[in-house]
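To start, I am sharing the structure in question, which I have written as structure tokens.
The first chain written gets the first letter, and so on, giving A, B, C and D; residue counts start at 1 in each chain.
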Amino acid sequence: MARALQYIATASLVVGSVRGAKYGVGGVFNGLARTPQMGWDNWNALGCSVSEDLLTQTAQLIVNYGLRDVGYEYVVLDDCWSNGRSSNGSLVPDYSKFPNGMAAVADNMHNLGLKFGMYSSAGSMTCGGYAGSLGYETIDAQTFASWGVDYLKYDNCYNEGESGTPLITYTRYKAMGDALNATGRPILYSLCNWGEDYPWKWAQTIGNSWRMSGDIYDSFDAADANCPCTGDEGYDCALPGFHCSMMNILNKYAPLVSKSQPGAWNDLDMLEVGNGGMSDTEYVTHFSLWAATKSPLIMGNDIRVMSPSALSILTNPAVIAISQDPSGSSITRRWRYYVPETDVFGQGEIQLWSGSLSYGDYVVVLLNAGNAARPMNATLEDIFWLNGPGGTASQIQQAWDIYDVWANRMPNATAAAIIAANGTSSVDLTPYYWNATQTSYAEGLAANSSLLMGNYTGTVQPRGTINTEVEAHGVKMFRLRPHASGSATKRDEL
Amino acid sequence: MARALQYIATASLVVGSVRGAKYGVGGVFNGLARTPQMGWDNWNALGCSVSEDLLTQTAQLIVNYGLRDVGYEYVVLDDCWSNGRSSNGSLVPDYSKFPNGMAAVADNMHNLGLKFGMYSSAGSMTCGGYAGSLGYETIDAQTFASWGVDYLKYDNCYNEGESGTPLITYTRYKAMGDALNATGRPILYSLCNWGEDYPWKWAQTIGNSWRMSGDIYDSFDAADANCPCTGDEGYDCALPGFHCSMMNILNKYAPLVSKSQPGAWNDLDMLEVGNGGMSDTEYVTHFSLWAATKSPLIMGNDIRVMSPSALSILTNPAVIAISQDPSGSSITRRWRYYVPETDVFGQGEIQLWSGSLSYGDYVVVLLNAGNAARPMNATLEDIFWLNGPGGTASQIQQAWDIYDVWANRMPNATAAAIIAANGTSSVDLTPYYWNATQTSYAEGLAANSSLLMGNYTGTVQPRGTINTEVEAHGVKMFRLRPHASGSATKRDEL
Amino acid sequence: MARALQYIATASLVVGSVRGAKYGVGGVFNGLARTPQMGWDNWNALGCSVSEDLLTQTAQLIVNYGLRDVGYEYVVLDDCWSNGRSSNGSLVPDYSKFPNGMAAVADNMHNLGLKFGMYSSAGSMTCGGYAGSLGYETIDAQTFASWGVDYLKYDNCYNEGESGTPLITYTRYKAMGDALNATGRPILYSLCNWGEDYPWKWAQTIGNSWRMSGDIYDSFDAADANCPCTGDEGYDCALPGFHCSMMNILNKYAPLVSKSQPGAWNDLDMLEVGNGGMSDTEYVTHFSLWAATKSPLIMGNDIRVMSPSALSILTNPAVIAISQDPSGSSITRRWRYYVPETDVFGQGEIQLWSGSLSYGDYVVVLLNAGNAARPMNATLEDIFWLNGPGGTASQIQQAWDIYDVWANRMPNATAAAIIAANGTSSVDLTPYYWNATQTSYAEGLAANSSLLMGNYTGTVQPRGTINTEVEAHGVKMFRLRPHASGSATKRDEL
Amino acid sequence: MARALQYIATASLVVGSVRGAKYGVGGVFNGLARTPQMGWDNWNALGCSVSEDLLTQTAQLIVNYGLRDVGYEYVVLDDCWSNGRSSNGSLVPDYSKFPNGMAAVADNMHNLGLKFGMYSSAGSMTCGGYAGSLGYETIDAQTFASWGVDYLKYDNCYNEGESGTPLITYTRYKAMGDALNATGRPILYSLCNWGEDYPWKWAQTIGNSWRMSGDIYDSFDAADANCPCTGDEGYDCALPGFHCSMMNILNKYAPLVSKSQPGAWNDLDMLEVGNGGMSDTEYVTHFSLWAATKSPLIMGNDIRVMSPSALSILTNPAVIAISQDPSGSSITRRWRYYVPETDVFGQGEIQLWSGSLSYGDYVVVLLNAGNAARPMNATLEDIFWLNGPGGTASQIQQAWDIYDVWANRMPNATAAAIIAANGTSSVDLTPYYWNATQTSYAEGLAANSSLLMGNYTGTVQPRGTINTEVEAHGVKMFRLRPHASGSATKRDEL
């Protein structure tokens, strides 16, 4: 059996039984990232332009804009920070960029209530040509721990041919995972080998997340030759590449949904929200899907030039609540059809995804990757296909209340005011933000917080169909909650 | 040469010559499962909801409903039964589920004339997150043997990267096979690595059966993203997945027919008959194909809520006689065509399969996986293609009597009465059941038992064609027996 | 560079320079099979039905029918001859089949001027379930040598997972090659691992030939599920299978032409000529292609029931002269087009192949695998494409005389008389046979023997086109010889 | 992250920071080939017909025709030069071809201001059957160094099964790289394993360039069976083959652009310019693409029969300046469309490629591989796609001057005169040649040399489109330079 999803459906049994067991669902590596990690990484927007100033400014803004409180906890410094090794073999920071060294940066982050992430590569060099950690796993892990690092993104460049079977690659990545754990410091371990040798088969016990594709590019669906493997079996790719569009990664991800679990996540790569290559609608789609697939949510934009629309997307509490749902279960794609409304890149398709949440709720995503708005619908039989095919799922025999998780999106004006206020108390965040540092998403969901539910938009009757309209390159994402008996409305459309 | 099937065609020679040889056809591992194993496993219907009560109740019903006597011998407890390891490293049952321990369960099964199967994984954990047997093969095999276990289903989760070549995977699975054999107790070894690294190439000498695909889903032919590899070379799949429909598995199986033999079977996964996701017609198709391909026949429904239609399918003696035929030769697909009558999932095709049986008989399966009933036909040249192409098979030069193996299917009313009687003697099973504990299928076939033959429905003349009508998503499955010379009828249609 | 073919074009230089070199073209293993081996193997027609009587009768007929003298030298006993191992570990023949043991059989062959081949598998068992040689390479090679064996066919069944990379498989097969060479007896080593792990990449230095596909089936182009990989990259097949039609194997072979050389041959599997599954025209096509691709020519029919048409195909001197040409260069496919005239199996295509021969000659094959006769033509530019693209080959600037290698085919009546005479001197073989035991094909070609040339049918002018008509499922195979200057005819059509 | 290209965009930062680092961009192996190597190799035109005379004559002509001064520095002797090993195991030259030994040849080259390359194979034999270096890496590297060799082309024939994973192949090739470096002599190391096991993943740290495909054939786009893998994922090829057309290699290369960097280059194989299989237009296309993709530029024609058109292509300074640009960044393919104007081989497509150069310039290639001239255009958004999708690249907001790098191509009459003069001073090369031995291309570019820029042909406005006409099988290749502010012309077409 390979059906991790089925364990979710019987989660109470599993959780109950696991207590006395040696291993438990999710407790497979180091206990971190029980929900997908959230944070920021400089790479997508800034590449090698890194410095202490950048991190300090960004971290302060993450606090000021309330991003820390909604959950973006890790500030991750990507490549190009080092300057060789010292005589004892330990990595040396580039003091021209980090004049106070890395421990000072970490302290700064910690003082702001944030956590600090760093970067290396499971190779002789990093992708940028700096010293890599292959063969230096122990000393480098100790160095990171000594600096107070809380997170390691571990890349795949210059790996000296150590790939070709899961066993070869697993062994290379396990060396760093073991070294990190051996430091005694809790360090979230983020594997970044672009899906080579199928990390979804083996990374759960040696890391907290693993990239499953080539690098994302800030495009909805454009293809270029740098990201090959666009066919139906795209996940099985001999050359992960880069310049992978949001839709390219999503389609490669579709067969992998069952491979993640609390503590061990498929990583669809960092967010592009706010970087400018997609429309607002497209960024809403991107963020919705990354949340519902339980990808890590690592902001990739330059926080110093945050736009109001990006801020209002990145902070949407009802969407983040789906990401941070304690069940840790990804949505699954139920169907995919090509449509004639293609865009300039020749792409056009529609998809239905759904999945289970905690507290008896479910999530439904209707994705219109076609180039024109269109009515879309989802039958309960399709939505609950995972719970039983052919009408066997008990869930289709009841009514469900439908909540639109984007209906309460913060107005741009409010977001603009937050940005303008820059951390002063002139803007009341209460109506739009969930402060997860005070009350976790799990607790909020358990308490039926309306902020986390989204807007009630109707009820679908047993064996009914959800009908809606979805704009071009957009999604509708709904939370379904069992309809209280006796109060079912008579309509099963929105 | 790779033609195990040809050995069947010259079986008398082989059997004769093997006697004094070190190895013989089928005697390749431990001597068990000379015909495909039959039994029950809780996973498909009940997942992790396991307990001593479940097994006890189920076992008693298996006896009461006559399922034991028709051949369902192994009661297999799947995942989620354990609670870590003891201080000496041995697996500990979850006493909240199995208050009397596993040896008591095994005794119970044995006392009922059944055999007891258990489950582990060739990984650090089972798929459900319980302790796995990788690195614990010897002690776990000894534990299972000490409990009186007769069967081990051995899964593939959390395998710590030990895959990527046949050699890596073979070595991992061989460790448990060797450990089981070393206990001295005959334990049927059922490999469940979902076809990764091509177990059909190497599992015959280290196990009794091997799964060749991702997990079955209770659907005739629906596709979802969880089961990739739907193309013509679907058997060569980098991600076996789950939610694989019956037709998906069948098509992946088609090139593998020559890889099984007595004692070593391709496993198309457990039966879904009775779980509700398919129609009665579709379950008949499913059961027919699993029998004729010599897949293990492991019931996957909840026996406590057995439906009459499921019972009448699962007990059909003429179909089981094909499964348990001593020759152990799978049907082979002769042709496959797509048809325009597609269903809601866009699928529609027809296929002809045929194969040899003992005692000079053959089996023919006409599968209509299209969405409308249609006439279908099979020429003797196609049916006997395996015995010689282009009209060279001697078999096409004779007449054959045609027996419909589903014509005598037990009426639902009778099945309902059996279920209602629950083991009392108020229902006479004789007209519908074959009691294999008294007379083996091989003996019954040798004695020309009409119960095992099916209904005579006509004779096809030399070089003739069998014409029939097959309902949508249905099969016609025929046993062909050489027509006694001199008495050929003049019709070659049904 | 990977262009072995180019070495042919500059052969005089290479041959000249190699003399003092440690290695030379073709001297890569044991010096045997400088031209593709010819012989007979019982498997295709008779499977496991082997005995001393069979071999004795067959060998005598091979002599009597003149097959030995035209080149069929090796009589190969396939699987199912053994009966376990003795107490010292050596293989024991099945004395019920071979009452005088194998050395006596070998002596018999040798006394008839033939050589004797045997069979084992690089696995724990042979495909038929008899003792295999994996781990027993040294003792088995010594046993074979002690019996006087001249040839070993070495199969791939039950290989205990030892596959997955070229290195793993190479190591397994090299063990037997080393063992055979260590015996001191010249033993032709025929690898039969069905193309797994790309033997064309590595087998040249450890063996004399290697199978490059699944097993042949006696069919021109019918497909069944047992032989997958029918697409454009069919040579890269995860499951070689069996029941591969002649055309299936040919198309898998097309990219491999440069991989063979004197002493090391791509093996397209044994001949089916005479087994009845193809028409006479199709067998002519089959034999032509196997000869011109330099596949070993191992007869696979039951010699005891040889048909006149089979005999006249198998003995055609002008065709065998192409197979046994000293240059050892395979034809290469220049083009392939699908045609609308498909047969009952849905197949239809046409192809042009060409290649170089010794003495300045070339061979051209126009293959019509469509279902209707059609005119076909080949330009000199296409024929000499290998010698230079785009009109750069010097060969297109001269005129060529065209010889039809099938024009002199022995009449069926003559063949019938030979069979009827059974070795008596009543039939004069001189007009139709080449006695290679007296004069080698190389010598005959050097002497311009008309028997080896075929019939002159015209001359093609510089930059001209050969036009001909090819029957359905047939070939035209021509030898081209430089037209003597001054005597060119004016026609460039046949 | 896998985006080496992004490092280019931030090169100043990287270069700045690397100074004190252990490793730096491009300093990944031995420091050689900071721009793609240029030279000549005898294989394409002459195969095994090698001798001291050939090299001496060719080297002198390379000097006389000014080819040395434009950059063709390495004279590489390919296969077929040796004659076994001496008693101490060292390679022995074939004295019949090289009567003065190899050190004399090297001295000759050095005296002419050239460098000398040789050839071996990472196998037991070379492709031509001569002694290979597998297992002899140390002694052979020492021999080469002792002879004064500056360059090693290292082939892949007869590799004794040592392939199948990157790790296996890497290890085999690293042995020679280590051995070369250990000699202390700077020897450029050119890997030639035809792309097997993905050298672009691992060769950067052990060599200076690596072939990424099967052997080139002197054809624009003709296919034959010897070069398989023609589909969209052609780079992932189980059988690299040979006879690969220029377009075939280009399309396999498209996903690999980010894998090269200064000191480590994707090698698209030697040039065919001047060998006669393509038209002049096609050779211009071939040379343009090899230059802009940063493939090594190794002439493959017989210099002794150099044609004027070939000479004028091979010496074009504005094209070579793109090849030798210090940034070392390949063009990337932005789009590819099939067109209906197919040629006799059924091929027809158009492509846009672009990339960054030093000094703020960019290069654009519009390729018309269709069979008829056609207007083509490129938007700035597409040209600068790599710098930001969806209009986010700052580069599209400015005007660009367009320089046609082929506009100043040397007239054939001049080239003919150069050839006729054969090194005498009767022809003034100044107007057409760049003498890189006096002033490097980098220096010339920094000084805005018009010879290296090409002809100004217009200016494209911000967000504008370049419109041009491209002949069949031709390219337009433009250098874009930021338009000086204030002087923008009003036209954005050519």
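Basically, a contact is a pair of C-beta atoms (placed from the backbone, for glycine too) under 8 Å apart; a residue touches a chain by one contact, two chains touch by 3 or more.
All figures in this text were calculated on a predicted structure; none of them were measured in a lab.
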Quiz item: How many degrees of rotation bring the Cα atoms of chain A onto the matching Cα atoms of chain B, given to the nearest 5?
Solution: 90
Quiz item: Where centres are the averaged C-alpha coordinates, which chain has the largest centre distance to chain C?
Solution: A
Quiz prompt | Copies chain B and chain C touch via same or different residues, half shared test | solution = different
Quiz item: Where the centres are mean C-alpha positions, what is the separation of chain C from chain D, in Å?
Solution: 41
Quiz item: Per the centroid of Cα atoms for each chain, what is the distance between chain A and chain C, given in Å?
Solution: 58
Exercise. Indicate the residues of chain A shared as contacts by at least two other chains.
Key: 164-165, 168
Quiz item: What are the touching chain pairs in this one?
Solution: A-B, A-D, B-C, C-D
Quiz item: What does chain C use to touch chain D in their complex?
Solution: 1-7, 9-10, 13-14, 16-18, 20-28, 164-171, 174, 197-198, 201-202, 204-205, 232-233, 235-236, 254-258, 332-336, 385-386, 388-392
Quiz prompt | Residue numbers on chain A that touch chain D, as the complex places them | solution = 43, 47-49, 78-80, 82-85, 94, 96-97, 124-125, 127-131, 155-165, 168, 192, 194, 214-215, 217-219, 222, 224-231, 238-243, 275-278
